[in-house]
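Look at the two complexes coming up: chain A is in both, with chain B in one and chain C in the other.
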Partner chain A sequence: MTKSLLEMNDLHVTFSTRRGLVEAVRGVTLSLGEGEMLGLVGESGSGKSVTGFAITRLLDAAGRVAAGNIRFRGQDITKISAGDFRHLHGAAMAMIFQNPRAALNPIRAVGDQIADAITAHKRMPRDEARAQALGLLRAVQIRDPEKRMAAYPHELSGGMCQRVMIAMAISCNPALLIADEPTTGLDVTTQKVVMDLLTGIAAERGMATILITHDLGLAARYCRRVVVMEQGRLVEEAEPLRLFRAPKHAYTKRLVAASPTASSRIEDLVPEEDRGREISVLAAPRPARAPGTPPLLEVQKIVKRFDQGAAAVADCSMTSSAGESVGLVGESGSGKSTTSRIICRLIDPSEGEIAFEGQSIGHIPARDFHRSPFRKDIQIVFQDPNDSLNPRFTAFDCIAHPLLRLSGMRPGDVLRQRVEECAQRVGLGLDLLTRFPHQLSGGQKARVGIARAIACRPRLLVLDEPTAALDVSVQAVVLQLLDRLRREDDLAFLFVSHDLNVVRMMCDRTIVLQSGRIVEQGESRAMFDNPKTAYTRELVDAVPHIEPELAAMAT
Partner chain B sequence: MPAVGATLTRAGKRFLSSLPALFGVLVFTFLLMRVLPGDPAVFFASGPNAGKEEIEVIRKQMGLNKPVPEQLMLYLYDVGRGNLGRSMMTGQMVTKDLRERLPASLELTFTALLIALVTAVPLGVLAALRPGSIIDHGVRFFCALGVCVPTFVSGLLLIYVFYYLLGLAPDPTGRVDIFASLPPRQTGFLLIDFLLAGDVDGWWAAFRQLILPALTMALFVVAPLARITRASMLVSLGSDFVRTARSVGLPWWRIVVTYALRNAILPVITIAGIVFSTMLGANVLVEKVFSWPGVASYALDALLSSDYAPVQGFVLLMATVFVIVNLLVDILYGIADPRVTIG
Partner chain C sequence: MTSATLRHAGWILRGNPLTAVAATGVVLLTLIAMFGPWIVPYDPIVSNVSQALMPPSAAHIAGTDQLGRDVFSRLIVAARLDLVIAISAVGISFAIGAVIGAICGYTGGKLDRGVGRFVDVVMAFPLFVLAMAMVAALGNRVENIVIATAIINLPFYIRFARAEVNVRRNVGWVEAARACGDSHLSVVLRFLLPNVLPAMAVQISLNLGWAILNAAGLSFIGLGVKPPTPEWGIMVAEGARFISTGKWWLVAFPGLALMLTVLCFNLLGDGVRDILDPRMRT
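This part shows the complex of A and B:
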């Protein structure tokens, strides 16, 4: 056992809110050795980030350590003055944040920001600080570091910004590095590169690291020890191998089950006893289609150019039949969202043809498509359940809106019945219908979004990263719900996601996009198990799978 | 630097696109003046007992007997040649009058804006650093007071205290003491002209004349500037990059000034531009109270005596100033925020 660098004893953190004191962390006891890499895993509201911010004393003004202590190199750092703490910040402990672009000063060149971090602790001429900053940019493997010194954050990609953030954090060689969801919001491939870089640097410089994440797979891949938090408490602490093979605590069991892996099936995501009244309906076997029936959706060679730039989508063709689920994957900028928006007719393609049940819909301008009878048949579930609901509409209004606009229903008992039926189908309690979006949880908002999309009984549902903003346990329930709806209504899905494990479970076929072009498509499982192109292989390899990692670790 | 070039291009485009608006202002003011009641010919006739023929002669002299469209075309033709007409009040060309009086207004407004910014920004920052504290409430109270008290009241109050009671300020009449000698006119800004002439005593006298009206005007605009500084400073202080700055242990003042304030100042620039344009045209009350020979009081006098040419000239001048100030704000913004140039 190495010497302990950080020790927390019965740490309590409270936030004073309008509704009184809220306890975010309730008695966390944890220790971290020099150079150790610890994974702190939990869902939103588990208090994992708050614990990290409490250690570095970066809590919001409303939050404070109510009880317990945090010993850093034997010294209780909850007691020292703000002035003394400043000398710890950066020099002894540093943090890496979730949203790298927002975490950097937008109007200061990144080289200057790194130099600021250096001169905060060492007196030196500006030239020397800038020279050191350049060295750090090299250390975090930024291409063209000389040129990047003068770049502003908005000129860099998310991954680049995170590298700059890492450079700032390690500028004074702190002994402790806390990475708060460092790769959330980055592409899988970028995530792998950034995490490899981060762990490499930490190991090289002997920095102890706490990796705060909601992603069990990520923690398992990079950490020797994983701690699971739920509602402000530590519920389990173990090596990743044991944690995933034999979780002890009920919450950990649920979490492990809900985390999609390469081999998981939708049925396995939620343990039997939690499924409640959502009884799965046995779908009747699909009747074979009469030969000659046109496919539900046929897209031919669509191209989209924005302004004069390069094509965002180039020469993309696909078909989909009723009840089929097609996945669309790729990194950000691959054109998957653009493609999905063209298909659900929110934007117009520059070229190409879209046919729905044999009838051309590509020529109807997106602006007028709401008048087309096909609007009812093609509906969309948006990525962000918060922003895609009107804050002034109750859940009832949200679900009733498409019925009023597209199905020509009038307010009254029939409408009420129909909305309630939709709510029941998505498992939304009827008492929640009168609430406004801000009074609903993320999962409930996602259900409202889905209920709204299925209200008019569409034939094709376009799902744009429907679970990206949700916790894994909520995601599990929502995915099951979607799959059940698909079977019941013989709905076709176009499922846009960056999460390959989710797509593998949900979709019969998957299309891989890169820079607006289809690089590979085929039956989901077969394709991911045996990728034919280098790009798909790269994507598959970048996903932190739990099982293979554990197998590698065990040998 | 490409960034500067892009900013200038953008500013140039902005300027060109504002020309139609200027033309619109020109036509609109012209028509408005024709619609307003009051006949300038009657007003400028020798007296209340002037005969009908005399008025008719004056009307003919002024070209008021022609149809309005023709008058407008003549007017536009004159404006195109840089001739804004002749003031009936002063008997001088309007361009000359404005040229004489504009520096007085500009000097006053610039000084007032400077005072307002120097007061408002630190106040806003202080209030944002300790929201809900005594300082915050104090600043809020001060701002409310500044907005609530009309400028002619605060102006008279300042005169009462500093001139009448304390005797610190000179007579509140005009830009310099009537017996003092003016410096050779170079820029029209007395503070600069005195400096150029090397006359320190004169400079001090002009400065003492300027400070009370400038304070009066500043009081009125401190509130919007301080409030916007406070609001954007609060956003800035709560942002992720300030947290980053704290996490690497930057000194306190560096976080506040380089990280938070530099970002928070961006909206303040925009508001300052608007405030400046408003002050220049709307400070007529202050100019009246302090007998300041500025453009606003000139335009008001002209308006009251139905003197068309100066009012039209004044509105055109204000519109131009507004365009130029917006242009300056644009350029400043482009320099302060590297993100704008690509947007």
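This part shows the complex of A and C:
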């Protein structure tokens, strides 16, 4: 073991809130050697980010280190003055944030921002600082670094912004780098490139790194040691291989099971003892359909152009039969959300035809579709449960809303029964129905959103990244729930996602979109195991699978 | 539900004593406006020349004016008229402005640009002069003061509602409402407007104070309520003639009433937003 750089002893962090003191970190003891890369994994509320903020002293005004100490090179940094701490910032430790675009100053050229970070710690002429900034942009492998010096953050992609952030963080050669969810908002392919770059630079410059992430796979791929946190405590610390093969703590077991991998099945996501009635209906044989039945959904050559510029969706055709689950994958900007909204008839295609059960629905303008009898047959579950519920509606109002509008029900006992039935089907406690969205957890909000979508018994459910904003353990439960509902109602899914492991599990067939065009489609497992096009292969390779990494380590 | 709202309001007020003071002031003012005519010690209209221009004393705590009328009684009775003008003017401009603004913010496009330019044109006028011109043209009556005040306030509500709705038009729950079978109009009126109300409450509260000043200003220059009706603006205007002879109470007390009222409404603004926002209720 190398010399220890950072040591935390029984660290406690508390926040004072309206409800009194809340302990976010409850006794974390951890050490990090020079040049080591440590993964700090946990779900939201586990205290992993707060731990990172406590080290860099970036806690909110309401938060403070209540007990314990943090020793950096032997010095207790919880005790030193704010002035002394400023010398440590940047020069000795630096942080990379989750949303790079928000962390950069939008009205200053990125080259100047990097130069600012350099001159904040070292006196030097402006020209020299800019020359160093250029060198850093080269080090983070930005194309055309000379040109990018003068670029503003909004002119750069998310991945490039994160490279700029990395350049700023390493500008003073810190000994410790804390990366808080550095790739969470990025596409899988970009995520891989940025993570490769980050680990490469850290190794080359001998920087110790703490990678804070919710993604076990990512931590396993890049870290030698992984620490799992739950509710402010360290529950397990191990090398990734051991963690995945033989998790010891009950929470780690749940977390490992819930993280979808290339071979996981929906049934396996939640350990047996935690299962409720989520998978009471197992793979029931699909009812045979009379030959000659038109497909449930037939989309022909739809094109969508926005005001100006290239088409967001170009020439997309697909079909889906009743009860079938079709995945739609692609990176941001691939047109998958636009396509799903066109099919859901929330926006109009510029060209093309959409038929539902053999009847054309593409010609009904989206502004009038709410009156169409097909409105209740095609429903949608939105990406972010946090913003898909009206803040002024209770959970009951949310679920009752489509019933009142589309099923012609009136307020009264029948409606109440129906709403309660829907809530029960999605596993939402009836006592939660009177709550407002902000009083519900992310998983509960997701359930309300699903209950609302299935309330009118639709035939086709469009799922727009339904679990992207959820923790993996919640995602696992929600995915099982969705799968059960699909089987019970013979519901067809159009499952939009960027997570290939989830799509592989959930969908019979998958369609891969790139820049608004379909590049490949086929039976999910076969396609991902043996991609035919370069783009699909690139997507598949970028996913931080756990098994290949484990296999590589084992040899 | 209501008890939760009250508890929440109590919590906000405890954390923010200034809001509590302002709220008390507004409640007091409303009571005065409602019951004023029955609680005043003297008739506010009938003159009593033998008692003219008396300084404040035990019998007339705010003194008397040039016709011997009790200034304090006139102040109390005037509260109703001033509040009614302000509330109806702000109510009209809020109701119309919020709906127009919300529709513009939601639809965007030509309608939005057209209304936007109209708003710019109205705002380019000195607003008080515009109000003067309207009252002069329409006639010197209370309802015309209300209309003029409402019109000059309208642009602010249109802009405000437009901006607030515009940032929310692409959130998930708007699309969800569409998928649940709501028309565009119903989304605007039943979903977006209620959600921008808390933010607009601040504007309304600030605006009430401003509208009172505006009505008093119109009366002050003779384009408002006619004497002998008690109204704070007229009282200041009439008293101004006597200020050079040291009769300070004729101007000071109506001015103080105006100032305190406007102050109360302004201070109330922020507290109201916190009380109305369900998300603050954790």
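We adopt the following convention: the second predicted complex is superposed on the first by the 549 of 555 C-alpha atoms of A that agree within 3 Å, B and C clash if a C-alpha of one lies under 4 Å from a C-alpha of the other, contacts with A are read in each partner's own complex, and residues count from 1 in each chain.
Here is the rule we use: contacts are C-beta pairs under 8 Å (C-beta built on N, C-alpha and C of every residue); 3 or more make two chains touch, one makes a residue touch a chain.
What you are looking at is a predicted structure, and each value in this text was computed from that prediction instead of being measured.
Trainee: Using the superposition on chain A described above, determine whether A:C344 touches chain B (first), chain C (second), both, or neither.
Mentor: A:C344 sits against chain C, while chain B stays out of touch.
Trainee: First (chain B), second (chain C), both or neither: which does A:R108 touch?
Mentor: Touch partner of A:R108: chain B, not chain C.
Trainee: Determine, under the contact definition given at the top, whether A:L406 touches first (chain B), second (chain C), both, or neither.
Mentor: In the superposition, A:L406 touches chain C alone.
Trainee: If you stack the two complexes on chain A, which partner ends up touching A:R221: first (chain B), second (chain C), both, or neither?
Mentor: Neither: A:R221 stays clear of chain B and chain C.
Trainee: Looking at A:I380 after the superposition, I want to know if it touches chain B, chain C, both of them or none. Which is it: first, second, both, neither?
Mentor: Second partner only.
Trainee: Per the contact definition in the header, classify A:R367: touching chain B only (first), chain C only (second), both, or neither.
Mentor: Once the two structures are laid over each other on A, A:R367 reaches chain C alone.
Trainee: After the superposition on A, what does A:R26 contact: first (chain B), second (chain C), both or neither?
Mentor: In the superposed model, A:R26 contacts neither chain B nor chain C.
Trainee: Go through the superposed model and pick first if A:M165 touches only chain B, second if only chain C, both, or neither.
Mentor: After superposition on chain A, A:M165 lies in contact with chain B alone.
Trainee: Give one of first, second, both or neither to describe whether A:R459 is in contact with chain B, with chain C, with both, or with none.
Mentor: neither
Trainee: Which positions of chain A sit in both the chain B and the chain C interface?
Mentor: none
Trainee: Looking at the complex, which residues from chain C come into contact with chain A?
Mentor: The contact residues of chain C facing chain A are 11, 171-173, 175-184, 191, 194-195, 278-279, 281-282.
Trainee: In their shared complex, at which residues does chain A touch chain B?
Mentor: Going by the criterion above, the answer is residues 56, 58, 86-91, 94-95, 97, 99, 102-108, 116-117, 120-121, 152, 154, 165, 168-169, 171-172.
Trainee: Spell out the residues on chain A that touch chain C in their complex, using ranges where they run on.
Mentor: That would be residues 18, 341, 344, 346, 367, 370-371, 375-376, 379-380, 382-384, 387-392, 401-402, 405-406, 436, 438-439, 449, 452-453 of chain A.
Trainee: Which chain B residues qualify as touching chain A in the complex?
Mentor: 239-241, 243-252, 254, 258-259, 262-263, 266, 336-339, 342
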